[in-house]
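Here come two complexes built around chain A, the first alongside chain B, the second alongside chain C.
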Partner chain A sequence: MKKTKKRTQRLIALCALVILYIVFRLINPAFGTYATFVNIMDASYYIGLMAIGVTFAITSDGIDLSIGTVLTCSALISGSLITQYHVPVAVGLIVCILIGMAFGLLNGVMVSYMKLPPFIATLGSMMLSKGLGSIFTRAQSITWPQAGAPGGWFRQIFKINANGVLIPTGFILLIGIAAAASMLLNKTRPGRYIVSLGSNYEATRLSGVNVAKWRTLAYVISGTMAGVAGLAYASIYSTILPGGGAGFELDAIAGVVIGGTSMSGGFGTVSGTLIGVLIMSVLKTGLPFIGLQTHYQQVATGIVLVFAVFVDVINRKRKN
Partner chain B sequence: MRKKSVGLLTCAVLVTAVLSGCQTSENPPAAAAAPVEDARQLKKIYLVSKGFQHQFWQAVLMGAQEAADQYGVEIDFQGPDTESDIAQQVQMLSNAINHNPPAIGLAALDTEACLENINAAQAAGIPIVGFDSGVPGAPEGAIVANASTDNYAAGQLAAEETYKLIKERVAGADNGVRIGVMNQDATSESITGRGSGFTDKMKELLEADGKTVSVEGHTRWENKTANADVIIDVAVPAQVTAELSSIDAQNLLNKKDIICIYGSNQFSGEGLINGDANIGRLGQDVVGIAFDAGALIKGAVREGKLAGAVTQDPMQIGFKTVELCVKAARGEAVSDVDTGCQWYTAANMDEPKIAPNLYD
Partner chain C sequence: MGDVILKMSGIDKTFPGVHALKEVNLEVRKGEVHALMGENGAGKSTLMKVLTGIYAKDKGRIFFEAKEVEFGNPAEAQNAGIAIVHQELNMMQQLTVAQNIFIGREFMKSKLIDDSKMNEEARKLFEKLNINIDPEETMGNLTVGKQQMCEIAKAISRDAKIIVFDEPSAALTETEIGELFKIIRDLREKQLGIVYISHRMDEIKVITDRVTVMRDGEYVGTLITQDCTKDDIIQMMVGRAIYEAPKEKSNVPKGAPVVLRVDNLNMGKMVQNVSFELRKGEILGFSGLMGAGRTETARALFGADKKDSGDIYVNGKKVAINSPQDAVNAGIGYLSEDRKRFGVVLDNTVAVNTTMASLEKFTSGLLVNARKEKRVAKHYARKLKTKTPDVDTAIMNLSGGNQQKVVIAKWLVRDCDILIFDEPTRGIDVGAKSELYQLMNELVEQGKSIIMISSELTEILRMSDRIVVMCEGKKTGELSIEEASQERIMNAATLRN
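Right, the complex of A and B next:
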């Protein structure tokens, strides 16, 4: 019964996405260009990757507030290694992901073994990562290598510019990672354990499952994806500012909730998350096209978010 | 008996604490009132900037450190996480004042927000030297001097150079044309000065040519005229983030009548370059102008994507600020210093007069 309701919510979200796109396009045909499509994609990568990761944390009946600043910290430190310490770009890319993983592990240990409430634990690591990144680069911002430069090949992971033709390879990457994550969450044992402990921690523990380990995994995934998101951000926006990133996590979490994942744990949908993130990107990019300033996007996101959570609450009430 | 002695001990500790607290609060004001003769004996000078986000501030810090070494003083250079974090900057200013320094340097994100602290500093006799944006609208006598670029003049310089590049296109246009102005915010003096300087000068030059001009896009600069030949479209993002700035640029670049876009600082310049990444009109049919330097903007100017940019002298800004602080702390008379600005293009950016200002 719950699954059908969730499927309905996801379907509604998908319809909303399509309708939004069409409406914007009708009001301003310039919105329908391929360049705009690539712009929307560009703005979605880093939030989408973070959102896929945090879906796991939220499904485990937790939250990860540190993903935004962990994104910045990993991109800062690895970017600094590349530009200032002349570490090869390939190594830098791996370091970026590893830093995210490390913070994820820290969060997991704090929540699962030290029994800290997820909100507090990840708030702590949020501040930790914010400061650490800044300390490492001595408060300097880092600009990743440009597309034409020798170290700029990593950008092609997200976008290839073949003589003026833009290929949004990042979209393929995002779909690929989403598919893998979805399979992990819904079809593998670790994923099912995460869903189970998010739904009823005690019952899952009593049935002999090592809940601490799987809960930690949820946060490790969240942190790792934040590291990958750091690469996406560097590919599109080049400059990483220390002290930046705080606030990104809210965009990611909003995407997750709009997509249908329940904030009370026990149900997570990666495809829904992707739809939620795309809805926000379309709003963000599209509103200026119809003459509305970007603050309206924030208002719109807030309304959509409240509505999505309201639907979730109604669903749960009906179940009980 | 035991409870009583614990109680007495606690009282004794508390009383001592209160008394010692009273004593320390009496000393500082006296020390601040008397100017210090020997610079070497000065305590730390606090500089509260707008943030570390852009390499521009790194250059300011370098200049400040140079002056500190030369005068033999210590400086503490601070800034908030982002240039939207007004509350954080106010906290830093408050903290600086509590340390009772011989002087404070301040580049306010928003003067109104800092007002209470500025009054407190003035009351405690701590001289404030404004730098970069300075502290426009501060109460009389609170800011003893400013070390900054004349931002309005810098904006005008950008307009003059840009006008030379677009004059013919505007003259030959059949329909209306649009000039975009990207301002990071609408509150700090440096940004609003450069924005207004450009907008006013451009309007003046175009009207002298017989064109009608309408300024739109943001309430602070709005001056609408119907059916104008030229629209100056001002875009200010809701928050100072790379993504929103990039979206502003994309929005402008997607308008069919756009011929030129000006980014009034490093942040907006980079937003313009990022926003053009998928559209590719900069350097083709749209003229791009920016401010300051940094690897991204320098590269774009060199390539021809940006026609040119206006550079400030950040190292001088930092140097002069500390110098003015030291002089003010010594009780000497100080006055404003205009650190100047220059227009650079791919043709002249390597010249000795310009190159040192173009930080990475």
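Right, the complex of A and C next:
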């Protein structure tokens, strides 16, 4: 019963995405160009990757507020290693992901073993990661190697410029990761346990399931994806500002909620999350095309967010 | 008994797909305690919700103090003088007793709340009702029984003329029930009309004047409590005779091996030096009053709470149990008294709940084999006669008894040979109860062993081969079924060392 209802919310989100895209195209045909499509994609990667990760934390009846600053922290530290300490780019990329994973593990341990409330634990690591990144680069901003420059090859992970034709390889990567994450959440034992403990922690524990371990895993996934998002951000936007990234996590969480994942845990949908994130990217990219500045994106996203959850609330009421 | 104060006649209510009430009648007089009985789903709560304005009726008439009334919402009913004391209390735990009682109609001094006036008024109210509670105490510090009394006081302070009690004794200790009955008798003296909903047959005989029985949304009849027997009422409820004959002798063969031995188990005040043995094929009853430490003993044994000390031997081998995981690995399964909180994951399907404790058996490579999972879940649903449309149904849509069967299936799939059933039939209707009893008997015949915690003496005497009695955290008696009787159990259960 609950599942069919949640599928409706995801369906509503999908319709909203398609309608938004068509409306923007009708108002301004220039929106329909391939370049704009690539722009929409570019704006989706880092938020999308974070959102996929935080879907796990939210499904486990938790939250991860640290992902935005963890993204910045890992991109700052690994970028600095590459550009200032001449560490090979490949190693830097791995370090970037590992830093995210480490913060995820820290969050997981604080929540599962030290029994801190997820909000507090991840608020703490949000501040921690924000500070650590700046300390490491001595409050300097870091510019990752440009495309074409030595070491700039990593940008092809997210976009290939083949003789002027842009291939959004990042989109393929995003879809691939989303598919894997969706399978992990719905079809495997760890995923099953994360959903169950998010729905009823005690009943899951009393079934003999190692709940602390699996809850930790949810945060490790969330942190790791923030590290991967750091790579995406670096390759699309190049320059990382120390102390930045705060607020990204809220965009990611908004995407998760619009997509239909339950904030009270026990139900999560990765495909819904992806749809939620794309809605926000379409708004962000599309509003300037119809003559509205990007500030309006925030207004619009806020309205979509509240509306999506409101529809969900009404649905639930009707079902009861 | 005085004049009729409330008369509901021909009340009809249909929900989409369910005809919940079919021309139901209920009549309550002043100075009467009127029991409303029926199996779960018989329509008692729906009828009370119609009375208190939560649901609108489709047909029928309600007369209150000889005037026809129609309550559009709970506030209207409350203002007219109809109050309900819910099973789950609706108290603000952080506020004081007086603040709770006068919530929504605080005494004011100019624009500020006058707390001292509220305390004084609450004190007067308690004096009138012979209740000994400090109005300035924080609500959360009171026991459930005392909180319930505050709820009653609140109803009285609102000038209630009818009070509906919805299973008030479910969470109370024996002493608290005594106090509750004293207050109810007092209210009867004061010419209030009382509707008393309970599943406990013994209480009905003690406290009520008349009994109205409902079955499947229909009105079956009204009896004068004095003139009828327990069997009369049960027969009206189920439409068939059920005899709760006690077991006469143990079914455990002599020399059956000991599968579980617990030595000097300790956990805080609630479990002190508890030792016992469980044999193969045995149902070991755990009896005692509420708060005797039976559930705590089970949880400590199962590793759900951390024990202070004590040794546990399974099949003669000592096992270290520090978490539910350890217990499950040792072959122990636990069916909690609070199914919704500790037993099932409500959002999940029947199949998912069935395999929860043994998912590794259903994993091939990385992925869960959903087809195998469903097949096994179906097999157990058939075997345990679980009533469910299919195994993909969310478990919240099943009745209590059927949810319980899914929890049992969970442990059977896991191959647990020692099963701890903590109040297995609580909140389950009579028909489903006897099915569960039958199932438990089948399980021990197959060589499983069961520890059954129960607060119903009739259940203990009917099911157990041997009985352990606890009181205030200590084991105060152990009786074979042959020597056990209600009196001997109660004696041990009230033995304060």
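The rule we apply is simple: the second predicted complex is superposed on the first by the 310 of 320 C-alpha atoms of A that agree within 3 Å, B and C clash if a C-alpha of one lies under 4 Å from a C-alpha of the other, contacts with A are read in each partner's own complex, and residues count from 1 in each chain.
The rule is short, and it goes like this: contacts are C-beta pairs under 8 Å (C-beta built on N, C-alpha and C of every residue); 3 or more make two chains touch, one makes a residue touch a chain.
Note that this is a predicted model, so its numbers are computed, not measured.
When both complexes are superposed on chain A, chain B and chain C sit side by side without a clash.
Of the two partner chains, chain B is the only one that A:Ala30 touches; chain C does not reach it.
In the superposed model, A:Arg192 lies in contact with chain C only, and not with chain B.
In the superposed model, A:Gly164 lies in contact with chain B only, and not with chain C. Touch criterion met: A:Gly266 reaches chain C, while chain B stays clear of it. Of the two partner chains, chain B is the only one touched by A:Ala43; chain C is not.
Between the C-alpha centres of chain B and chain C, as seen from that of chain A in the superposed arrangement, lies an angle of 130 degrees, given as a multiple of 10.
Of the two partners chain B and chain C, it is B that touches the larger number of chain A residues. Looking at the shared chain after the overlay, A:Thr285 reaches chain B, while chain C stays out of its contact range.
Between chain B and chain C, the smallest C-alpha to C-alpha distance in the superposed model amounts to 26 Å. Only residues 1-3, 183, 187-189, 192-193, 195-196, 199-200, 202-210, 266-267 of chain A touch chain C when the two sit together in their complex. Chain B meets chain A in the complex at residues 51-55, 58, 79-82, 85, 237-239, 241-244, 246-248, 250-251, 254-256, 270, 274, 277-280, 294-296, 299. Taken in their complex, chain C has these residues touching chain A: 302, 304, 324-325, 327-329, 334, 336, 341-348, 352, 356-357, 359-360, 363, 366-368, 370, 394, 396-397, 410, 414. The part of chain A that touches chain B in the complex is made up of residues 30, 33, 35-36, 38-39, 42-43, 130, 134, 139-141, 143, 146, 164, 166, 236-239, 241-244, 246-247, 284-285, 288-289, 293-295, 297-298.
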